[in-house]
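Once you scroll down, you'll see the structures, which are given as structure tokens.
Next, two complexes with subunit A in common: one pairs it with subunit B, the other with subunit C.
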Partner chain A sequence: MRFTSYEFLGFLVLLFPLYYLVPKKWQWGVLLAASYLFYAFAGWDCILFILLTTLSSYGVACWIGWRASAEETYLACHREEMDKERRKAYKAKEKKRRFHILLLGLVFNFGILAVLKYTGFAMSGFNQILNVIGQGTLEIPDLLLPMGISFYTFQTMGYLIDVYRAKTKVERNPARLALFTAFFPQLVQGPISRHSDLAEQLYMPHSFDRKEFIFGLQRILWGYFKKLVIADRILIAMKTLLADPEEYRGGYVVMLILLYSVEIYADFTGGIDITIGIAQALGMKLRENFNRPFSSHSTKEYWNRWHITMGSWFTDYVFYPLSVCKPMMKLSKWSRAHLGNSLGKRVPVYLATTVTWFLTGLWHGAGANFIVWGLLNCLVILVSQELEPLYARFRRRFPNLSSSNGYGKFMAVRTFLLMGLIRSLDCYRNVGTTFRLWGSMLTVWNWGELPKGMLRLGLGVADYVIILGGCLIMASVSVMSAKRGLRERLYQHPVLSWVLCGGLLIAVLLLGAYGIGYDASQFIYDQF
Partner chain B sequence: MEQLLEILRSMHPDVDFSAAMDLIDDGILDSLDIVTLVTEINSVFDVTIPAEEIVPENFNSADALMALINKLDEE
Partner chain C sequence: MNLKKRILIAVCAILVITLILSFLQLLVVPKYRSNPEGAMIGEYYDQAGGHDVIFVGDCEVYESIVPATLWEEYGISSYVRGSAQQLVWQSYYLLEETFRYEKPRAVVFNVLALKYGTPQSEAFNRMTLDGMKWSTSKWKAIQASMTEEEHFLDYVFPLLRFHSRITQLTAEDFQYAFDAPAVSQSGYLMQTNIVPMTEAEEEGRTLSDYTLPESAMNYLEQMRLLCEKNGAELILMKAPTNSWAYWWYEEWEEQICTYAEEKNLSYYNFIPLCEEIGIDWNTDTYDAGVHLNVYGAEKLSRYFGALLQSAHHIPDRRSEAETSARWQERMDAYRKQKIQLEKE
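Up next, the complex of A and B:
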């Protein structure tokens, strides 16, 4: 059941009153039933995998919690007879034991994800090797990929790691953990929530709050506007451009980069608006996943503003543990001794950054293009890091210029274009083709035919006007929201608020890219 | 404390680390800085900061960081 389907709207229309009419102690039960019903639409066989993740995580978390309690009891009972060294050794032994239990849970669940998502990719690579040595090929199995598996696996494994780190409580009720894993609004494309942020909100009773409910509905409507009016309209041109990439070279590649940047922003932030809006209408507050990413002055800043919950997941659970693990500390000492302090201290940091970005690329999809995408992002970040002393000198030499508004805008445009360029690897899905087409931007000079060519991509002048208008509205809302809560301000002016919402609804109904035999496309991040 | 301030100053000479209280929340230290800092602390103080201790509360000020180093050293 897609967010953009009529079934989903019907599902919400039934869920909201039911949620607020049942006794409060049943509310989370209603959400659990609704979440599994939502998931069942993706296929009953998918439910088996989410249940496996839920039950295995439940068992592992309880086991870790039980060992932690046993450690506390033992230390309390033997307080007198244990000196500091013995206590330290006992604690270290218990921590290692808990780590092994955690490892069991991580290997099992990431193993499911790896088999279902990456078997095809690994086998096609293996087949290429077999081909080269003339040994034929193996048949690639067509495995089921459960909806949202990357998102719910990451969210649940985050919970396990937090339990191990004693950052969150062990959930003793398996049904409650099932709701945390399968909470339907964020199942499709995140945000990836932390147990300590979300769990209590899911289980606590919620009274109907008119203001929050209206804010939630407004946010949902805003999400549909971005998705149906802007993203799905651009998709029509994108399909044409990607149907025959070699035909659309040179200036068309620039056009694709710009269009895809807007499309993925409208699509992904639109989906997250719908998710956060539904949660808000249900009385909950989810973490924001975006913070005006296109205003970023650098790639590093961009990744602190785009898909924030995924970035912080990788930072907290991959980058930091990898950077400060014992082997990395040893490498740090070795590299300092052999390469000098300045270069040596950067080696482990850069190695951990590269591994993290490799995995981030792989998380986005099973394909070489995604891995190259991750590594290119990493390269840009590390090169920027190396050039930082140069930038600092520039800022000292030209303080007025470097702090001017114009220079800030230049940096934002540069980052936007650079990120757009790298992101086009998502579109072409082939590394060789992407690099060739990047080259064509310099070698094929066909800018003159673009004004007419644009109209042969399935979009008319009116469509481009709507896209441009939509971009202006998104940019204005983004700027106004950043200064002070836009909806709070509108709430003070109910008439204006209803007029704007009415306008937005009419825009969605009249300008949404429905076409004949309407079937709105799935969200881009559904595939990840 | 002076050794810690020296490490911090070598990373960002323009910041007054003895007064700054929101190094993470204000975005003065990013993830690359934090890891560089952890490896420097490991080298200078011979203290290993585990990943679970890398949270804003421990890195928002030089005082908080020094308290963490002392705590880990005692353990």
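Up next, the complex of A and C:
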């Protein structure tokens, strides 16, 4: 059941009243049933995998929790007879035991993800090697990829790690953990929530709050506007550009970079708006996943504003643990001793950053292009970090210029273009093709034919006007939202609020690229 | 602001939004002026009632039967509820709906549509179904006709289907948004052009299976029962044509003959009767043998009218003042359109 289908809207229309009409203690049960019903639309066989993740995580979390309480009980019972050293040794032993249990859960669940998502990629790589040595090829199995597997696996594994770190409490009710894993609005494309943020909200009773409900509906509508009016309209041109990349070189590559930047932003943030809006209408508050990423002045800042929950997941559960793990400490010591303090201290940080970005790329998809995409992001961040002293000198030398509004805008545009360039790896899905087409931007000078050429991509002048108008509205709302309380202020002026929402609804219905003749596609992040 | 005031504003806003959307819907739905085949089904309701014969079927009906000729020559009051590629279940549900408006003595069904057993094309579905007034018949017709890409809600709110036309609106869309003149003459779509058939097509392309689809035959049977229930005689016909696209095979003919014999129905295949009817494929077709033009259709209607009156006892109503007056208007319109089209 796609977010953009009539069935999904019907599903929400039934769910909202049901949710608020049932006794409050049953609300989370309704959500669980709704979530599994939503998931069942993706295929009954997919349910098996989400159940496996839920049950294994439940078992592992309870096991870790049981060991932790056993440790506490043991220490409490033997407080008198154990000295500090013995207590420390006992704790360390127990921690190691819990870590092994955690590892079991992580290996099992990431194993499922790896097998289902990366077998094809690994085997095609292996086949290339076999080809080179003339040993033929292996048949690549067509494995099922359950909807949202990357998102729910990461969310649930985050919960396991938090249980291990005692940052969240163990969920003793498997049905409740099932709801946390399968909460339907965020199944498709996140945000990746933390157990400590979401769980209580899911299980606690919610009374109908008119204002929050209206805000939720407004946010859903706004999400549909971005997705259907802007993203799916651009998709038409993107499909033409990508159908024959070698035909569309030079200036077209620049156009593709610009169009795809807008498309993925409207698509992903639109989907997240729908997700957060649904949760808000149900009385819950999910973490924001975007914070005006295109206003970022640097790549690092961009990644703090784009897909925030994924970034923070990798930071908390990959980068930090990797940076402070024993082998990394040893490497740090060694590199400082052999490469000097300045360079030596960078080695473990750079290694951890590279590994994190490699995994981020791999998370996005099973393909060399995603890995290269991740590593290029890493490279840009590390180079920027290395050049920081230079920037600092520049800022000291030209304080007025570097603090001016124009310079800020320049940096934002620069970051936007750089990120767009790297992001095009995601479009072409082939590293060689992407690099070749990047080169064509310098070698093929076909800007003159662009005005006519752009009208041969499946979009007419009216479509570009709609896209441009949509972008202007999106940018205006983004700027106004930055000043707090846009919807609050609108709530005080119901007539204006209705005019704007009515206009938005009409725009979605009339200008949305949906229905026969259009391919109101899945959200781009569905596939990740 | 108090709750009452908020509710009042919300109700007003919803009303205004609904009005705007309704207007936009009227604007974006196709008006079928340059391609009038989609406008005919909806024209029936202005003339519903008082017909002794109702014709249902695809283009072979609305291009071959001229109710004006049937009236002029025999005083037969008839109407053609045909539409482009009208599938047999669409004919059935149109007929079911027609029986709610009137009780004809005879229903004539053109059998070519029996070759289709599954939904075919969204565009043709729209031409048949959009014109129908909402009823259980329309509901069932939509359910039976939808292709995989279609959605029922798109029929309920055509704006959802045709919204993309907003960027392609023409003056025609504004002109005919609220009211549009009829394009047909009692369901007959007049064509005055002459495009002779240059080469006779001897035989159709070979099919892997010549069995008419079971689902189509089931609907034919349902149509028979429906007519029986409503006291109407079901008559089967096959319009004359001579093209690949509309080829009529011997095997199909046999199946229809067997069915007609079993159910004691009259069946007229006009293909072998072309010479007797007087159809000249050099002058009586507007598209090289695919369909008849008005001259061929008038000839066929004259021939068929005689059969309807002699073999099926369809009465001559010319002596009835009220019916006659109504038909006089239609005859005037028919003649006017013929002259106008001939001039063009």
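The criterion applied here is as follows: the second predicted complex is superposed on the first by the 523 of 528 C-alpha atoms of A that agree within 3 Å, B and C clash if a C-alpha of one lies under 4 Å from a C-alpha of the other, contacts with A are read in each partner's own complex, and residues count from 1 in each chain.
By our rule, contacts are C-beta pairs under 8 Å (C-beta built on N, C-alpha and C of every residue); 3 or more make two chains touch, one makes a residue touch a chain.
Being a predicted model, the structure only gives us computed values, none of them experimental.
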Subunit B versus subunit C as contact partner of A:353, first or second or both or neither: first
Which superposed partner A:103 touches (first subunit B, second subunit C, both, neither): neither
Touched partner set for A:509, first subunit B, second subunit C, both or neither: second
First (subunit B), second (subunit C), both or neither touched by A:494: second
First, second, both or neither for A:321, with subunit B first and subunit C second: first
First (subunit B), second (subunit C), both or neither touched by A:472: neither
Touched partner set for A:460, first subunit B, second subunit C, both or neither: second
Subunit B/subunit C common contact set on subunit A: none
Touching residues (chain side subunit A, partner subunit C) in the complex: 6, 460, 462-463, 466, 492, 494-495, 498-499, 502, 505-506, 509-518
Residue ranges of subunit C touching subunit A (in the complex, touch as defined): 1, 5-6, 9-10, 13, 16-17, 20-21, 24, 28, 122, 149-151, 153-154, 159-161, 163-164, 166-167
Residue ranges of subunit B in contact with subunit A within the complex: 27, 30-32, 34-36, 38-40, 42-43, 48-52, 54, 75
Subunit A residues touching subunit B - in the complex, by the definition given at the top: 88, 165-167, 300, 304, 315-316, 319-321, 323-326, 329, 332-333, 336, 345-346, 348-349, 352-353, 385
